[in-house]
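Read through the structures below before going on.
Same chain, two partners: chain A is paired with chain B first, then with chain C.
And now, the complex of A and B:
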């Protein structure tokens, strides 16, 4: 079985294309909700669909007992009905009764899911064969998707893509600053309406392959990942779709391969599609949170370490400015860092041309002297500013200046100089090195 | 057609169970810069939202730009919201925020035209922000963020500007620069309403003033209304009894009492 088979084989292509389209649609609409800061709405609405699914399938079973292959439509209709009801209940509680948003969302989730669970167990005795259909929806069942599902999901994805493309500017304004969008006369109601219905469609159709319990995770995980990489709305949506598609494809392939492997080993087990997709999506989100270039945790740690290292270097330079030459041991007495770190600092300073080493003695170069003087200047300027402009007491200014001397930019330095009328001495009566000398 | 930019008649606004605005009637002539003064919770922002049609008043009438309803003159009103109401982490660049000022009149399917982009670039230039056009908005300083939203209002070519605390978290130089821009707008016959906190600069900035403390204390030329007695009424506590009574009325009206 090759990778291509997943897209062409009559049995395999249903789940592959189906989940692919479904994941793109739901991750795009999930991105919209993510920016609206309403992620939990997805969770509440997918759970609110449960009683509707039970009721829809039951009604369908009573009306058309011999068409059990089309129970999908009963499920859809019911899911829409109760999800919509859940949404209206949330809206009513938030707006009219001023219930806090999180409380309203939790309440609807618990209430509707509870009703659904009770109703589902009631089916157990009366409609046992139909109940298995519902049970499969809890965590999704992609394996039984057909070409019909491909067409349905492709239509949904096209609708979402068209909405995002043609409504992009309006959507951007509504998401960013909804009050402003209203005052500018944009069709805010229509946009909100479109967002809601497209999201609901994506959510409910998605339940078929990912399941009630996991659906909202599928919608949000790609958005979390995408936000880590970009500051532009266009690329945010493109990346969301990409990550959604990746998790859909990979999750589906893993699930099929895994199930085949399990059956070869003789176990009667399946690796379900929904959880596989979610795990891939979550892995992408997690990796993005850790390793995205700008916002990622790993790079932030690196930048923090680099900053600390620079502070240490500057502190060493500053100490050397006050005394002609240093022995290694003398450094160790003032700077409480491990010897290895101190070696690294001194090596880096030597590399930078700020200091030279002669006969075990470390001496500042002319460049190093200038740089050190500029740090001292920043330190003392800041002390003076704190004491004279902000009235901070003399005991406290030194520690604050110790930190700020590494932060102040030439621009701030210039403004400080102007504000303090190019001062000559700091509050401790120490001379402030001149800029011209630097 | 009359010459008033904003005209309200016995405007009442309740926020849930509290009365926020109480019987507000005033007239603001076109072509002046108006300072709206009042303490926290005096209903200043609510007045703006009522004028903009974002909240529905309990009763009363608001006429804009010579007797029009807000829904007929939306393009002509530019609104600069309070800084806190903005999601600064939103994935949007400075340039696009300014461009948003044109969204009220986009082409078919909401396409942005070249003219819109050029207008946005010019507005960014005008507020001295061209260099920051491509920055995500959280990477701007407070003063820059505020200037950005002024640029968005300018690019709209509005006749009426509503600025909700444009000088909050802004340095003095930026404040003066914004004021200069507004004065140029005024000279073109535009009306500018500014919610303002710093009483020391009122006389320098405004020629007309509204003093608000749930009810209208005064509205008129600064020389007539900006005096000690009115300020005590606006910022003093003599009003507490009135507020309490107004609150219980609001509660009764919304069924909480």
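And now, the complex of A and C:
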């Protein structure tokens, strides 16, 4: 079984394409909710769909016992009805009863799910085969999707994509500045309405492959990953769709392969699709949180470490500017750092050509002297600025300048020099070194 | 055999109270399955009614939602750990407690870690963590126990399969919750309303925060078999929200919400028995209790509206200039 088979084989292609489209749709709409900071709404709405699914399926299965497809539509209609009801209930509790948002979400979620549980237990004796089918919806079962479902999901995904494409400017305005959007006369209510209904559509259709319980995760994880890589809305949506598609594909393949592997060992056990998709999505999100450039954790840690290292280097240079030569032990007494770290700093300074080691002594080179002088200059300029311009008392200026000397840029130095009329002496009556160009 | 066989709603309570009277006066009787159900549900309702107010006040209910999902992973991990070390059973109390501790710890660590170290917004962090951990839990359960129904049962609960052991565990938990609340009432109250003030008074607010997490995770475990991990959320929030309609004093809320929960459990068990005897419908008892709590909330709102006088026809209010 090759990878291509998943897309072309008449049995396998249904789940593959269906999951793919559904994941793209839900991750796009999930992205919108992520930016609105209402991620957990998806959790409540997908659970609130449960009683509707049960009721719709039972109704249609009793009315038209022969047509399986009609029960599918009954399921969709019921799911919409109760999800919408759940949303209205949440809104009402928040606005009229002043219930805290999280409590309202939680209460409605579980209450509707409870009603669904009762309804499902009621159909246990009358419609046992449908009950097992509904149970499969709990964690998603992509395996039984047909070409009909592919068409349905493709339509939904294109609807979502078209909405985002044509409504992009309006959406941008509503998401980032709804007051501006209102004053600019944009149809804010209509856009909010469209967002809600498309989100609901994506959520309910997605239940088929990911399952009621995990559906909200599907809407969240790709958006989290996408946000790590970009600040632009267009690329955010593109990346979110890409990550959604990736997790959908990989999750489906894992589920199919896993089921086959399990059946080889003689077990009749299906690996549910939902958890596999969610785990892949969450892994992508976690990796992006860790390693994305700029916003990723690893990158941030490295940047902080590099900055600390540079500060230490500059402090060592500054110390050497005040006294001609240093022994290694003397450094250790002044700068309380680990010997290994001190070695690294000194090695780096030697590499930069700022210091040389003669016997056991460390001495500044001409370049190093200039560099150290410029740091001392920044320190004293800043002290003078704080004391004379901002009126900070003399005891307090040193500590602040200790930090600022590493941060001030040549441009700010230039402005400070002009503002203070190229001063020669700092508030502690120490000379300020001349400006030198490295 | 079962004294409640084929009895209706009112008859259920008559038999129940007469049997309870017999039991209290020392007549030895064997607990019927309905009584075990009621006892377990009432114990769960008691624990939830005591914890719920604090969770809502601290805006932690969605966190309780994640806990109720991640508990599955916690139990699986504890089971793997216990079965390899001392051959523990999946549903023995020690495994369950270990699992709830693991779940509380994992969920709290991940959710808060993502917010603190990865600068993720809180709602997204909660959603990501619980869905990922829950997905992992389902996969592990499916692979290790080779039982597809266990994970469904974990969500839906199966009150009809309750055993005396479950009742013992649930009442133990209720006793734990009650004693913690009695001992630490002041500290919990202060840290729920004003964390800064609490730390200024020397109350270790983070400790009580985690204690609350652990207790709610333990309650989810206790409710695991009776009502399932999702429906327990109604036990946590519903009675409190209903009580909150009529009172805003914490001490009074802490009386009313457990009472409402226990009341709803009784109604629910009786209703479910009534449906079975009158219509031959085997309803999920946990679900019926949840519906009863929802109904009580609805009645509460209705009563409140009447009290406010909002239900009288008042045409002026709706007419607003547009």
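Going forward, the second predicted complex is superposed on the first by the 379 of 438 C-alpha atoms of A that agree within 3 Å, B and C clash if a C-alpha of one lies under 4 Å from a C-alpha of the other, contacts with A are read in each partner's own complex, and residues count from 1 in each chain.
As a convention for this text, a contact is a pair of C-beta atoms (placed from the backbone, for glycine too) under 8 Å apart; a residue touches a chain by one contact, two chains touch by 3 or more.
These numbers were taken from a predicted model, which means no experiment stands behind them.
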item: Combined model on chain A: chain C and chain B, fit or clash; value: fit
item: Which superposed partner A:176 touches (first chain B, second chain C, both, neither); value: first
item: First, second, both or neither for A:37, with chain B first and chain C second; value: both
item: Which superposed partner A:231 touches (first chain B, second chain C, both, neither); value: first
item: Touched partner set for A:168, first chain B, second chain C, both or neither; value: first
item: Partner chain(s) touched by A:185 [first = chain B, second = chain C, both, neither]; value: first
item: Cα-centre angle that chain B and chain C span when viewed from chain A, reported as a multiple of 10 degrees; value: 100
item: Chain C versus chain B, contacts on chain A by residue; value: C
item: Contacts of A:76 with chain B and chain C, given as first, second, both or neither; value: neither
item: Which of chain B and chain C A:137 touches, first, second, both or neither; value: neither
item: Which superposed partner A:213 touches (first chain B, second chain C, both, neither); value: second
item: Shortest span in Å between Cα atoms of chain B and of chain C, once chain A is used as the common reference; value: 7
item: Doubly contacted chain A residues - partners chain C and chain B; value: 37
item: Footprint of chain B on chain A - complex, ascending; value: 35, 37, 98, 166-170, 172-173, 175-177, 179-186, 227, 230-233, 236
item: Touch list for chain C against partner chain A, complex; value: 56, 59-62, 64-65, 69, 114, 117-121, 123-124, 126-128, 130-132, 134-136, 138-139, 142, 146, 148, 151-152, 155-157, 228, 230-234, 236-238, 240-241, 245, 280-284, 286-291, 293-294, 297, 301
item: Touching residues on chain B, where the partner in the complex is chain A; value: 16, 49, 52-54, 71, 74-75, 77, 79, 81, 85-87, 90-93, 96-97, 100-101, 103-104, 106, 109-112, 136, 156
item: Residues on chain A engaged by chain C in the complex (per definition of touch); value: 34, 37-40, 42-43, 47, 97, 99-100, 102-103, 105-107, 109-111, 113-118, 120-122, 124-125, 135, 138-139, 213-214, 216-218, 220-221, 223-224, 267, 269-272, 274-276, 278-279, 282, 285-286, 289-290, 295, 297
